[in-house]
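Both of the next two complexes hold subunit A, though its partner changes from subunit B to subunit C.
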Partner chain A sequence: MADFIRNPVVALPDSNPEAHFSEEELVFTPEEKAKIVDYVAQYPTPDGAVMWVLWLAQEKFGFLPPEVMRLVATELSLPYAQVYGVATFYTQFFKEKKGTFVLDVCTCFSCQFCGGYDTLAYLEEKLGVKRGHTTPCGRYTLQEAECLGACGSAPMMQVSNGPYAYNLTPEKIDALLAAMEAGKPLPFVSVTLPQDEDEMGGNRRTDAEAVEHYVVPPQAKRTQ
Partner chain B sequence: MPKVIIDGEEYAFEGRPSLLQFCLDQGIELPHFCYHPSMSVPANCRQCLVDVGAPVRDRETGEFQLDENGEKVIRYFPKLQTSCSHVISDGQVVHTARSSEKVERAQRDTMEFLLINHPLDCPICDQAGHCPLQIQAYKYGPEGSRFEFRKVHKPKKVKLGPNVVLDAERCINCTRCVRFTDEISRSGQLTIIERGVKNYPITPPGVSFDEPYSMNVIDLCPVGALTSADFRFQARIWEMASAPSITTTNAKGSNCYLWVRDNLVMRMTPRPNPDVNEFWLPDEDRLTYRWFNENRPCGPAALNKSGACSWDEAIQETAEILKNTGKETLFLASARATVEDNWMLMQLAEAVGRQVAGYIPHIEPGHGDGWLRTDDRAPNSQGCARLGLQPIDVKLWSARLEAGEVQGLYVLEDDPVAAGLCSAQALDNVQVILHYYNTTNQTLPSANVALPAATVAETIGTFVNEAGRAQRVVPAKAIKGVNRTLMMQMGVSRADQHGTPFDRWHNESHYVDCKPSWEIIPLVARNLGVEIAAQSPKKVMQHISASIPAFTGATYKAMGLSGVTLSPIETEVAS
Partner chain C sequence: MTKAGDWQSYRRVLLPPVKDLHHLDVYRAQGGYEALRTVLNDWKPEEVTAEVKRSGLRGRGGAGFPTGLKWSFMPPVKPDVPRYLCCNADESEPGTFKDRQLMEYNPHLLFEGILIAGYAMSLKACYLYVRGEFSSWITLLQNELSKVYDAKLAGSNILGTDYSMDIIMHKGAGAYICGEETSLMESLEGKRAYPRIKPPFPAQSGIWGYPTTINNVETLACAPIIIDRGGDWFAGVGAKKHPGPVLYGISGHVNRPGVYEYPTGMLITDLLEIAGGMRDNKKLKALVPGGASVPVLRADMIDGVTMDVESLHEAGSMMGTAGMLFLDEDTDMVAFLRRVARFYHHESCGQCTPCREGTGWMENLITRIDDGEGNLRDLDLLLDLCDQMEGRTVCALADAAAWPVRNTIKRFRGDFERRCRPSAWAVNT
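Take a look at the complex of A and B:
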């Protein structure tokens, strides 16, 4: 964002990009199709399920090039333009190929104060790439992110749209990168708010147990 | 009847109107950008904010609460409401910017936000002069900008499709264009991409905005973000005069405005008519205006006079030919000419003892889409049918013409060679009299007398669309000669209003030496010693509406500018 303030230029997307996937690859399996039917059934109109299906496609293909968005549009019988509009709205939908691990370092207000840019600079040095780029080995993509809603634990970052890493220090970052390198689960500690620590036994949430490992956030149960 | 109080004045209303539409209908101006009566209401421009409240009732007694002055206590919504999405209910009290400082302030501040990243390029913007953003910024906006930073730069002159060019910087994201493709034309080709300060409308990768109604988004756009690839930078709005007319590309008869500068038609835009085309116009209609300006004749010509001649000579020659070969002449009416012209031709044919054979059908199967485009590519087939004329049997007459069985051919504003009725060689020994619009007319080289006819942009007349709606046109541009009837009907052009023939930009060659067929034909008839009773198109229509049942009620007065629907007729129009 800082770059955008200095040089506020919005680029025109490539109107005729090369396809990344062949016709044979661009299909949903019967299991995936069954899932899509389930998603659609949750909403009054099929366009409600567009984010579910985009997410499914991103997990399957890794990212969302135009041909994948077109596939999603065909699957949901929506205008391709509408799916494209939704996908470009959210930064969590990757429009180009990213590394295996996408490191979203928050540099918004609170994290900036607590050393978000230091974290970013440390990672830039460590990985040898500038923000917004992917390492040549294709493992890491380093990105600047806007507020991820964890200001109480600044500075923080999010890994691949998944686990949050809080209160980052160079040591913590080293440990994180080592875990990624080794293919182990990422070290994760759910954080507390200082004022609650005594009362709640170190857990700021009253509705969930304090955990040592990242779990997928609870999702609404489908009503059938 | 339920009542609403707007700015202290009481208005009665019916049903459940939206506040904005109700105000506009009452002539109360409210600034707005994203609202359009024919599309859904997203309320995203936030410009139409008003203060809405309702009198407070005592819960127990049901009486209105009164303050110490004895006036009803009004409880207002905690926040200002967007009037476009607010449905009025009985007894509500509304304050617009005229009676509420809060609303005025809100509208001014909204405008300040809208203008933050809007480039100040009005001097080169096509929309300037009829730009809702410009007008409303003057009326309701702040006096200056407090924004001291660099404005966001977005893509400029992006060709979205063959006819529409996008300037994303000017866009205020009202989404009218996106809603048009989603809800009206249903092509779904446009979307808003990105978010925050970065968003703008565009087609997704690999898609061209090529739907047949794409240019309507140019009229819908309340700023200069979507401009016409064709009209871009061609003329300023204040240099042109507009005249109400109808399109003649197909049998729908969509209402349009013809915009004229220095007697050249510069563009066509839709003219709202709820009974015909609502607010829309297909691209094919808009892009056909060039034939009003280009390849126009420079006067009548006659073979015997070795080319160009005067109108008198051409008309005498026509009468001469009709005297000699009139009995063997094939009279062809035209579905491109007005009802009046066709009626005149019928009178002329009668004068030489013949009947008009019919008109050349211009049917293009598969062209229509059930909306504003029709299979019939001529504007007045229905008008011809109501006059009792039928489409000619092309095969039959083609054979007769090729076999040399026809001595003379009188063509009213059409092109038999291009229509495939006959080859140019077949007309070598035929005496051809041709009323024509453009020098590209393929029958022109075979014509013995060529009479330049006024186009729909230059004449007065009536067209009947496929649904039987009679609509009249008025001249948008002037012809070279003097015709008082035309001049009386002419809207004021810039040349008339501000200029003289001595202005530097004035170009005499933009005045085409043509005459409307309803002027030519009576002159020919007079040379044959016959007087056609009704001379001006208005009188002709009066006569027709009184004497032909299919035209009952089709007087100029009844038609006005939006036309009149005639009772259906039995005969099938061109199959």
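Take a look at the complex of A and C:
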């Protein structure tokens, strides 16, 4: 028999993956189940709630190995293949274990020419890992992201699918990493519109935790 | 006088200068939700659509399709067939960042617009599809939405009338393709977001097969303004064939990037001046007027060009999302195109072969040129590849990938030729 038949080139999703979670861990709590019921009620069929439930599962388990996808499928009474298909389609659903903090550095073209790759290179050096990898201590995963929709505040990054950090400089990155080390939650930053600065003298939100302004973007040294 | 008229004295309407406008009570104190009350009490649904038609509003999500016309495509109401609206807040076009700011600073304008659109088309519910990266803004919107429900402005029997409509948040998870309308519907249905073949158009068969309309955030936010000030007022703002206020997202090598609200039909040179001019007094080299997928313009092509569908079409580009990227004279256009091609390669959903394979080949070829190992013939091969991709796929992603490649090579051919090894073979173009 040809070698590739015995040893499939592609790892199939069902080929007995090593489970990351035990049977006891693989349950939703009653509160989570109530949430799932709410999600399902918002759609004509349970299918619509798949993405919400996958988000819920990812928050709970940190990532989505096959057994978690199976749990989601059972919970929604959907075929495993459909949940697997959805989970593998979207980049924000993590299929393998990531660090505690996932740093998504935007390098799409506005950021590319305003220092996105410099930010990425600085983080690579600082954390000692290449893009796409996790530090050996398991704290940080460094990733190159496609446009995150904050082009006016380049270079920027997103931390663990949550808050955005804008107008990054080496000093700002150091401060951010120090805050993460100290376990402080990163604030939601509100970016002031230039016209608001002129007409209202600053940010329009008085309840904003942190405020940032649009600034002159830096000169990019690297573009890849 | 430009098409934008007296833009120096323009007063903002999408993001009016009011502190804490994102709070429901502040928004209502400014006359918010009054347009909705007027519409529910005194107007017939078809009158709303007629008013939007009169305003000349065009979609702000990229394609620029007339909104009133889109609304009128909905089939006649049948009692047992639910009808849906999808609000497209999956803003992931590179260079575009306006919807996020609108959702942060004026979410109630969006909610009011959704409810007015819902009344105009007699809809049951609206799915607000926000991209997964905007999780902070989803929380913000959810908070405000619960206040809207508490104030009986959404849900059943809105403002004491017999009209009921729900607004339901849906969180995406990072796929550019979900910005395409049919793909967004597939994603909502809990499937892989593969675009559908049109026809049937969403108005005939949308989410779960029911009649559906899909509009961009900024488009829906214009609806309360049209009702409040009248379609004729709206039609008188900015360029005649593409009227209304627009959020220009200016980024790149300018002194003061950011989101600016001005009428359509602004001179590009005026907008550059508003954004503080080029950084370090450099010269402008290239401009992307509306997100990654529109053709790039050379600096010598923008004289007298205004930001509206007509003028940009004449100049050889498109309005897109009005996310403008200014690039200075030091910019390496080969590296630029390499990153654009990489983006489309990453974001191609993989359904159609010309796009799935073509975007990959594009990236490989441009990478080879960028690495200094390309041949002159590769440029011809790239243009040929564009021909093979355009119009041969289910959705427009392949076209969106091919346009910037074709036009960047055409308009900056010198930059590319200098990076290629000379060729002993004949070169066609």
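Observations on the structure shown:
The working rule: the second predicted complex is superposed on the first by the 178 of 224 C-alpha atoms of A that agree within 3 Å, B and C clash if a C-alpha of one lies under 4 Å from a C-alpha of the other, contacts with A are read in each partner's own complex, and residues count from 1 in each chain.
The definition used in the following text is that a residue touches a chain if its C-beta (ideal position, glycine included) is under 8 Å from a C-beta of that chain, and two chains touch if they have at least 3 such contacts.
From a predicted model like this one, the values you see are computed outputs, not experimental measurements.
Applying the stated contact rule after C-alpha superposition, one finds that A:M69 touches subunit B and leaves subunit C untouched.
Considering which of subunit B and subunit C touches more of subunit A, the answer is C.
Contacts of A:C151 after superposition on the shared chain: subunit C is touched, whereas subunit B is not. Contacts of A:F89 after superposition: both subunit B and subunit C are touched. Contact with subunit B, but none with subunit C, is seen for A:Y80 once the two complexes are overlaid on the shared chain. Comparing the two complexes, residues 78, 82, 85, 89 of subunit A contact subunit B in one case and subunit C in the other. Residues 42-52, 54-55, 78, 82, 85-86, 89-93, 107-110, 112-114, 146-154, 158, 161-164, 188, 190-191, 193-196, 199-200, 204-207, 214, 216-217, 219, 223-224 of subunit A touch subunit C in their complex. Those residues of subunit A whose C-beta lies close enough to touch subunit B in the complex are 5, 8-17, 66, 69, 78-85, 88-89. Considering their complex, residues 12, 15, 17-22, 82, 91-97, 99-101, 104-105, 131-136, 168, 170-176, 187-193, 208, 249-261, 275-276, 279-280, 288, 292, 323, 325, 327, 330-332, 335-336, 338-340, 343, 346-347, 349, 370 of subunit C touch subunit A. Subunit B makes touch with subunit A in their complex at residues 149-155, 158, 168, 178, 181-182, 188-195, 197-198, 200, 202-207.
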